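This structure is in structure tokens; I'll ask about it shortly.
Every chain is named by a letter (A, B, C and D) in the order it is written, and numbering of its residues begins at 1.
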Amino acid sequence: MALTGVLRPGHVALRVLELEPALKHYTEVLGLIETARDAQGRVFLKAWDEHDHHSVVLREADSPGMDYMGFRVDSGHTLERLAQEVEQSGLASDCKWIAAGEHPHTGVRFRFTIPTGHAIELFADKLGCKTGDLNPDPWPDDLRGMAPSRFDHCLLYGDDVDGTVKLFRDVLGFSLAEQVVAGADGEMLIGAFLTCSNKAHDIAFIRHPEKNRFHHASFLLDNWSEVLKAADIISKKDVSLDIGPTRHGITRGATIYFFDPSGNRNEVFSGGYIHYPDKPTITWTDNELGRAIFYHDRKLNEAFLNVLT
Amino acid sequence: MALTGVLRPGHVALRVLELEPALKHYTEVLGLIETARDAQGRVFLKAWDEHDHHSVVLREADSPGMDYMGFRVDSGHTLERLAQEVEQSGLASDCKWIAAGEHPHTGVRFRFTIPTGHAIELFADKLGCKTGDLNPDPWPDDLRGMAPSRFDHCLLYGDDVDGTVKLFRDVLGFSLAEQVVAGADGEMLIGAFLTCSNKAHDIAFIRHPEKNRFHHASFLLDNWSEVLKAADIISKKDVSLDIGPTRHGITRGATIYFFDPSGNRNEVFSGGYIHYPDKPTITWTDNELGRAIFYHDRKLNEAFLNVLT
Amino acid sequence: MALTGVLRPGHVALRVLELEPALKHYTEVLGLIETARDAQGRVFLKAWDEHDHHSVVLREADSPGMDYMGFRVDSGHTLERLAQEVEQSGLASDCKWIAAGEHPHTGVRFRFTIPTGHAIELFADKLGCKTGDLNPDPWPDDLRGMAPSRFDHCLLYGDDVDGTVKLFRDVLGFSLAEQVVAGADGEMLIGAFLTCSNKAHDIAFIRHPEKNRFHHASFLLDNWSEVLKAADIISKKDVSLDIGPTRHGITRGATIYFFDPSGNRNEVFSGGYIHYPDKPTITWTDNELGRAIFYHDRKLNEAFLNVLT
Amino acid sequence: MALTGVLRPGHVALRVLELEPALKHYTEVLGLIETARDAQGRVFLKAWDEHDHHSVVLREADSPGMDYMGFRVDSGHTLERLAQEVEQSGLASDCKWIAAGEHPHTGVRFRFTIPTGHAIELFADKLGCKTGDLNPDPWPDDLRGMAPSRFDHCLLYGDDVDGTVKLFRDVLGFSLAEQVVAGADGEMLIGAFLTCSNKAHDIAFIRHPEKNRFHHASFLLDNWSEVLKAADIISKKDVSLDIGPTRHGITRGATIYFFDPSGNRNEVFSGGYIHYPDKPTITWTDNELGRAIFYHDRKLNEAFLNVLT
């Protein structure tokens, strides 16, 4: 197989302060599709071009933030192998299996805590949506809001970025597509953009004193015109804008950031490049950090860097 | 590793009737960059975002067409393993090794003929271009012409599509992203779009009575506005247009086709979707073939279907 | 006043074979908004960014085609003056006044037949839509279909193009933005693109043996991405495509043509340039007619040239 | 004539601290074309789609800012009439005629100072560029930098906005396309966007305690993708970015602002709407001023509002 092991970001589970405003945001502003609710009151949503049952899970809680992020692997066999390797790596803690069905239409999930303090899951089975594979149109009717095609990646903040990167590269088979380094000799890794695919990133980490902080969940748009449409919707719907439209130096993405009603940051973006594992890691030095993050204004933005959930 | 085995289309070797007009076309109209010429008079070119030494090889010959197409694999070990498996599969003929250096800056290549009659190569080493991995800009200065970022795929015509698809899927690990089927029960595979990556296709085949025919080599643009710019350039430079701008139903790509001065068909396109190996194969039935090929006009275009080199 | 006299195309009245399919087309595919129906069964529609009450009038009839096209002038005084000058010009026939209210919310209209046989109207008063002039958003919610912002122009076919152009230039104050000429010395005007504004055309004429033929009514999109969206909608809604997406040499517009269910041709397009009355008329010679009409394929398209209503 | 009187912004004369860096900026970053230098050392430039000889005049001086802005009128007769009416209006001071030839290839200009303290000129003759009116391509080869098609408008700051607006509306025939009002009853006009054409603005004024301040000169791009390209060029060429890419509420334009090496603000933008003189003036109230200026972030930006030359 040419794509093996970990295939993609499969879901992100977010805590929201009030479910109804959050749902309105994720369905009407962002434009995800609700696919299920469960007995605990969790709501499951997906983007229009995903064939999996759900990619976003919302749960009402006292504080916003991310509960966990899950990755789909290519088979049950791979799931067992990777679970064992994660446990044996000494890089993960709190390893446990979540029973099949705990997420609707989803098989067993293996959950573990990575060195930066985030809970990560692996799973092999999630029921696919059966529409759209016979003479399909290029896009469906009845799209709402920004209408991203997919959940794309998360950016997470935590302390032991070195350990987390080691786990993702050495155990889970990710590539380091881009990195930000600091110090006179670039000896400290302060940002890591990791991919298990041809995408420029599937998950990214920024060094930060606290463990387990959430910077943003990102969703994929088709092009720069859709970024403008997203920006317009942010204003029309009176959503809290963070920054954008602009471009990242890192990954080249054209982007806009905003907040859900609970303060969790969302991104929608387009563009980037095709990554291959033999592509040299792109390195950004801290003297160019402004340009690395926001290519156009080339300034460090304190709010963007430090507002977390 | 998450991307393993065959990584990507690495090169296409094309025959042209006269080298100078061909070079002018591939550098000034298409906008590739010449990277080397060899003693045989072959010219090697690459697109601006490729880190490999070359992706297009031009050779002067009495008839146009494709000599061979090569795929990069992830390691020398994989190259040896796949070479052995290809030989043992009984699906390939004329297997042979090409010495390192026969292409400049390229290691040994394993060449074989697939059931549709095309010569395919695998290789593991090609010198990368070392620019662009430290604080890079999102695009370089001095782009010319259509300026695609990458060589993307080829579409080839041949007789034994079933055998070729079996070889690519079972031996080389490709996925069948989309297929076109004919007959009352869809029992005949007449088109196969195969991928070894997240791209909708890395190589594609159409059933045709003759072996070893070449339909087009395709190059990747960033967006639909670049497709319009390419269309304008076609007219400004008096290039022979085949069809477009339009959209494919198959792969969703926004596209335009044109011919090099020798009659080899080129495509530049943008868009598509992110493929994963667990995504169900999209099936197009022959009664929707018009829409499958050109989504907007939904008509079979004889010239597009039957002009080959 | 800097914009004086004739201001803009105000309405086009089209005959359709069956009203309901036509309405479905003009509201759901094209995306106009129904604003009124009258006792005769006529339906009045407008595009979302027009402040006038209506710009398209549909009437059920035995044959498709255009009944008349109306232009808004800057004042009642101008209307009276131009009516008099049209009558005195000797270039118009069948001059008559239509009573106020014959179109809903519209004042008196002066109707006359131009040398190419088409009925043209001038009017000074039509009730404006009062929304959207206090802290407006850049685009409204609930847009449907292609959602052009405005009715833009018509292209009409007829015999005495010289007389019609003389009337529009000398009496109505239009500029000849572009022309197509034929013959060894370019002595025959075969196409005239006339403007009363900064737009590249507000009305256009092609020489043709019959009088009073209708080629298309055109509606304005914002950009080339919207042209692709329109093309996709054409296929999704199974509308009859004529040609496109492509670009015109004449006016530079990026365009797509299609038919309403009665066979009347519609265009949606974007782009062009800013015309000023002192800009030299652009001339296209008949040896470049293919490129003038469809800049990319540079071929004369018999269906596009000769299918009329 | 349908477009009469004042036709368009014809030129803006800017003071720069050093000519060579300024020229490099206006030709390589912005992408204007140098058309002449005169004995005083002034440099004359134009954008690629302008048929006039020049639209930007640069002069080396001790302080940056605008010397004057000129408007083209439709004829010598109109020039004489408007000169007389401006003088008689009591709204202008320092009225004088500038001899033909003082600008190369330009006829006599009538200069006057408006109530906000800015020098404005009217002229009727400027030699046109004779290229591009026979079978033209939609865009020329060899474009550089952002490559706007035209100089579009200026935004000026001054005290007596009421007097200036009265002069432009009552004497020069401009329309007030949009206005910003302040105060409990909106009784104070603090921003005026005036047009003599179908464009949303040809000149604009903001109320400010000082006379004769310059906010920006603006140039027209074709679309939002070109705004992104402009933003990328700003970073690639290390130009001082002010703000953007973003959208204005006022005029709907998609925009980016930056500074020339002397600190004069430039804008490139795309989009907007088609203005007609009977379109109701759009009014923005000061409580929505943030959204009016920058539609996406909806915040007042002190630097944008107060940095002037």
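In the analysis below, a contact is a pair of C-beta atoms (placed from the backbone, for glycine too) under 8 Å apart; a residue touches a chain by one contact, two chains touch by 3 or more.
If you're wondering where the values come from, they're calculated on a predicted model, not measured in any experiment.
**Q** When subunit A meets its copy subunit D, do both sides use mostly the same residue numbers (more than half shared) or mostly different ones?
**A** same
**Q** Among B-D, A-D or A-B, where does the C-D interface recur, judging by over half of the contact pairs matching in residue number?
**A** The chain pair with the recurring interface is A-B.
**Q** Among the chains here, which has the CA centroid at the largest distance from subunit D's centroid?
**A** Here the answer is chain B, farthest from subunit D.
**Q** Using the touch rule from the top, work out which pair, A-C or B-C, shares more C-beta pairs.
**A** Of A-C and B-C, more C-beta pairs in contact link B-C.
**Q** Give, as an integer number of Å, the spacing between the C-alpha centres of subunit C and subunit A.
**A** That gives a centre separation of 48 Å.
**Q** With centres defined as the mean C-alpha position, give me the subunit B-subunit C separation in Å.
**A** 44
**Q** Enumerate the residues of subunit A that touch no fewer than two other chains.
**A** Subunit A, residues with two or more chain partners: 137-138, 223-225, 232, 235, 247, 291, 295.
**Q** Which positions of subunit C touch subunit A when the two form their complex?
**A** Against subunit A, the touching part of subunit C is residues 137-139, 141, 223, 225, 232, 235-236.
**Q** Which residues of subunit C touch subunit D in the complex?
**A** 1-8, 49, 51, 72, 74, 128, 130, 132-138, 149-150, 172-175, 195-199, 220, 222-224, 247, 249, 252, 271, 273-274, 276-285, 288, 291-292, 295
**Q** Applying the document's contact rule, which stretches of subunit C touch subunit B when the two form their complex?
**A** Listed in rising order, the residues are 224-225, 228, 231-232, 234-235, 241, 244-247, 254, 256, 291, 295-298.
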